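In the part that follows, the structures are each spelled out as structure tokens.
Look at the two complexes coming up: chain A is in both, with chain B in one and chain C in the other.
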Partner chain A sequence: MAGIIAIYIYGRENSRLFHAVNPEELGNVCDIEMFVFCSLDIVDEKVVKSNEMYLGQLFTDQRYKSFGFVTNTGVKIVLVVDFLNSTLKDQDVRSIFKRFHVFYCKTISNPFYTIGSPLHSRWLDDGCKEIFAKSE
Partner chain B sequence: MSKNAKQNLADSKKMSAELFCLTYGSLVTELLRDYEDPKEVTMQLDKMGFNMGTRLADDFLAKNSNVPRCTDCRQIAEVLCKNAIPCYLGTTANSSNWVGGDREFTIVIENNPLNELVQVPPNLLAAGLSYSQVIAGAIRGALEAVHFKVYATAMENGANTEIRIRFDSVLKDNLPAGEDD
Partner chain C sequence: MSIEGEKIRMEAKEKWGEIAEACVDSSEVEQYTGLIHKAFAHANSETQLETIGFRVGQVLVEKVSKDSPKLVTELEIVKFICKEFWSAVFGKQVDNLRTNHQGVYVVQDNKFTTLRCFPEGTQYVKSSGRFLALPCGILRGALDSLNIPAIVTATVESIPAVKFQLQIAAKA
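So, the complex of A and B:
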């Protein structure tokens, strides 16, 4: 797995719950966020037609491409990948989403977490470290 | 543990660890909201544990008839680690860190089911909240029911929970347990 740029988690009303950007790409956070906002619009379009949680590729420009995942409770996960990346297969993206869905569930099961506030947990942090480490 | 007791354990109704963890978590957060002082919450958890412990002591001795009579702290620790904690928490524990002529020791509970999904915020920890104090309280209560007076405190250490137990005295009189809290 290479070239994973960032992962974002949004709530039902598009409030941002979690974000993590690959440390190498910290200089381009503005561009990446703009790109993610564009992708979120496409999530809304695709979610009506889709019959599973994984939405596939959402959007692409000259630098990035994004993949989407919407849980049944309306939580959106957007994964941003380098445009030139061709090693990341559909199956890998699915497994990343599935893992982060589990991390999300674990995090909100923490009794000290209030629903709707930003997510902080060691599971998400470790998961991010892992996918960004693999992308080096 | 005898074969019979093992069978009893397997037959007894199981509860989902997640449900248990969430129930206990919401109990603690509700207490925090009511008392507003983490130290007070720790005390309340200890008291709840104590009351559970005084009841569990008899239950435990009834289920595990082969538990020997304990004469020193090492035996107490062994029964707690080998019999009591696996029986009620379904996880393993070890005793270590003996100081003060075997009067003080630590029980390390691995993968404590109470805080499987829990991350206690550091500010609450600093303010004196001890999340798993109910276990420490239960141990204190159970030992008091069999006439050992101990002090117990719980500390989180990563995925493990450490229960520090200090032996105080053997209660000579036959006061019924639970009358002096």
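So, the complex of A and C:
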């Protein structure tokens, strides 16, 4: 069963801070990225209307669907999931976003990190490994 | 630092350069303390502390705002800074918040953390400035992270009460 395909983190000005793609899907990175860019446009639309940080489902096509999350500081997290996946509940998606927000906080707390540059941290790497492993 | 501030600094630096050439006696230098402060404002302790505070504020606000509801309007954000953020960072809420509804907010804290253990009264008001550079930076960093670029200045009339003025830059 296929599940979570990729997770992307973008800064306030849509600069990419972090990306991780499920190792099984590495052949389709181009398609996934195209899909994420489409989703980002919808984030901008939804962020005005939404009254919480979780934005719900953003966009679907025949292969993927995406979920969005925007923090108070304007950091955007986009989660790409397989279109056929129906085991992933809204609650699970929320908890993934919450977790990754915590990882983001931990990563920027590193004094050697300059805010706005790409993120590298063990928390994020382990978190990705965990969600990708779950989805097998 | 803003471009205008930088211009003032460069002018002061040039002027100081000329004066320094002509100076012979060290007692003459004392007259120009104000000018020297202006010329080297980019490297003095206040500026550096403010810069450190800015970075700290950016991280702290991310942590504090993690569980708060979504903040939309400017007033909501300033209220958040005065309540949740203030109690998380400085240990208590602010005592007074005033605004002119044109982008200037005055936040008053009658018992500010860093000045709480200082002797009360007006005796050390002048030297308390550099102790407030870091909190100013923290506030500026927090506001900037929440997408509100602002200028934050602190004024002390009598220790330990501090008034912070948040001057919010007009949105482009």
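Criterion: the second predicted complex is superposed on the first by the 134 of 136 C-alpha atoms of A that agree within 3 Å, B and C clash if a C-alpha of one lies under 4 Å from a C-alpha of the other, contacts with A are read in each partner's own complex, and residues count from 1 in each chain.
We take it that a contact is a pair of C-beta atoms (placed from the backbone, for glycine too) under 8 Å apart; a residue touches a chain by one contact, two chains touch by 3 or more.
This is a predicted model, so every value here is computed, not measured.
A.B. asks: With the two structures overlaid on chain A, would chain B and chain C clash, or do they fit side by side?
C.D. replies: Once both complexes are aligned on chain A, chain B and chain C fit side by side.
A.B. asks: Of the two partner chains, chain B (first) and chain C (second), which one does A:S109 touch, if any: first, second, both, or neither?
C.D. replies: Once the two structures are laid over each other on A, A:S109 reaches both partners.
A.B. asks: Which partner chains sit in contact with A:S121 here, chain B, chain C, both or neither? Use first/second/both/neither.
C.D. replies: first
A.B. asks: By the touch definition at the top of the document, which applies to A:F18: first (chain B), second (chain C), both, or neither?
C.D. replies: Neither chain B nor chain C is touched by A:F18.
A.B. asks: Go through the superposed model and pick first if A:Y64 touches only chain B, second if only chain C, both, or neither.
C.D. replies: Neither chain B nor chain C is touched by A:Y64.
A.B. asks: Would you please give the vertex angle at the Cα centre of chain A, with arms pointing to the Cα centres of chain B and chain C, as a multiple of 10°?
C.D. replies: One gets 50 degrees for this angle.
A.B. asks: By residue count, which of the two partners contacts chain A more extensively, chain B or chain C?
C.D. replies: C
A.B. asks: According to the stated criteria, A:F100 is in contact with first (chain B), second (chain C), both, or neither; which is it?
C.D. replies: Touch status of A:F100: no partner.
A.B. asks: Can you give the closest approach of chain B to chain C, taken over C-alpha atoms and in whole Å, for the superposition?
C.D. replies: Chain B and chain C, overlaid via chain A, are at closest 7 Å apart by C-alpha.
A.B. asks: Under the contact definition given at the top, report the residues of chain A touching chain B in one complex and chain C in the other.
C.D. replies: 109
A.B. asks: Contact residues on chain A for chain B in the complex?
C.D. replies: Residues 106, 109-112, 120-122.
A.B. asks: Name, in rising order, each residue of chain A that touches chain C in their complex.
C.D. replies: Going by the criterion above, the answer is residues 12, 50-53, 71-75, 101-102, 104-105, 108-109, 115.
A.B. asks: Quick check on the complex: what are the chain B residues that touch chain A?
C.D. replies: Residues 18, 21-22, 24-26, 28-29, 117-121, 124 of chain B touch chain A in their complex.
A.B. asks: Name, in rising order, each residue of chain C that touches chain A in their complex.
C.D. replies: Interface residues on chain C, with respect to chain A: 55, 58-59, 61-63, 65-66, 68-72, 145-147.
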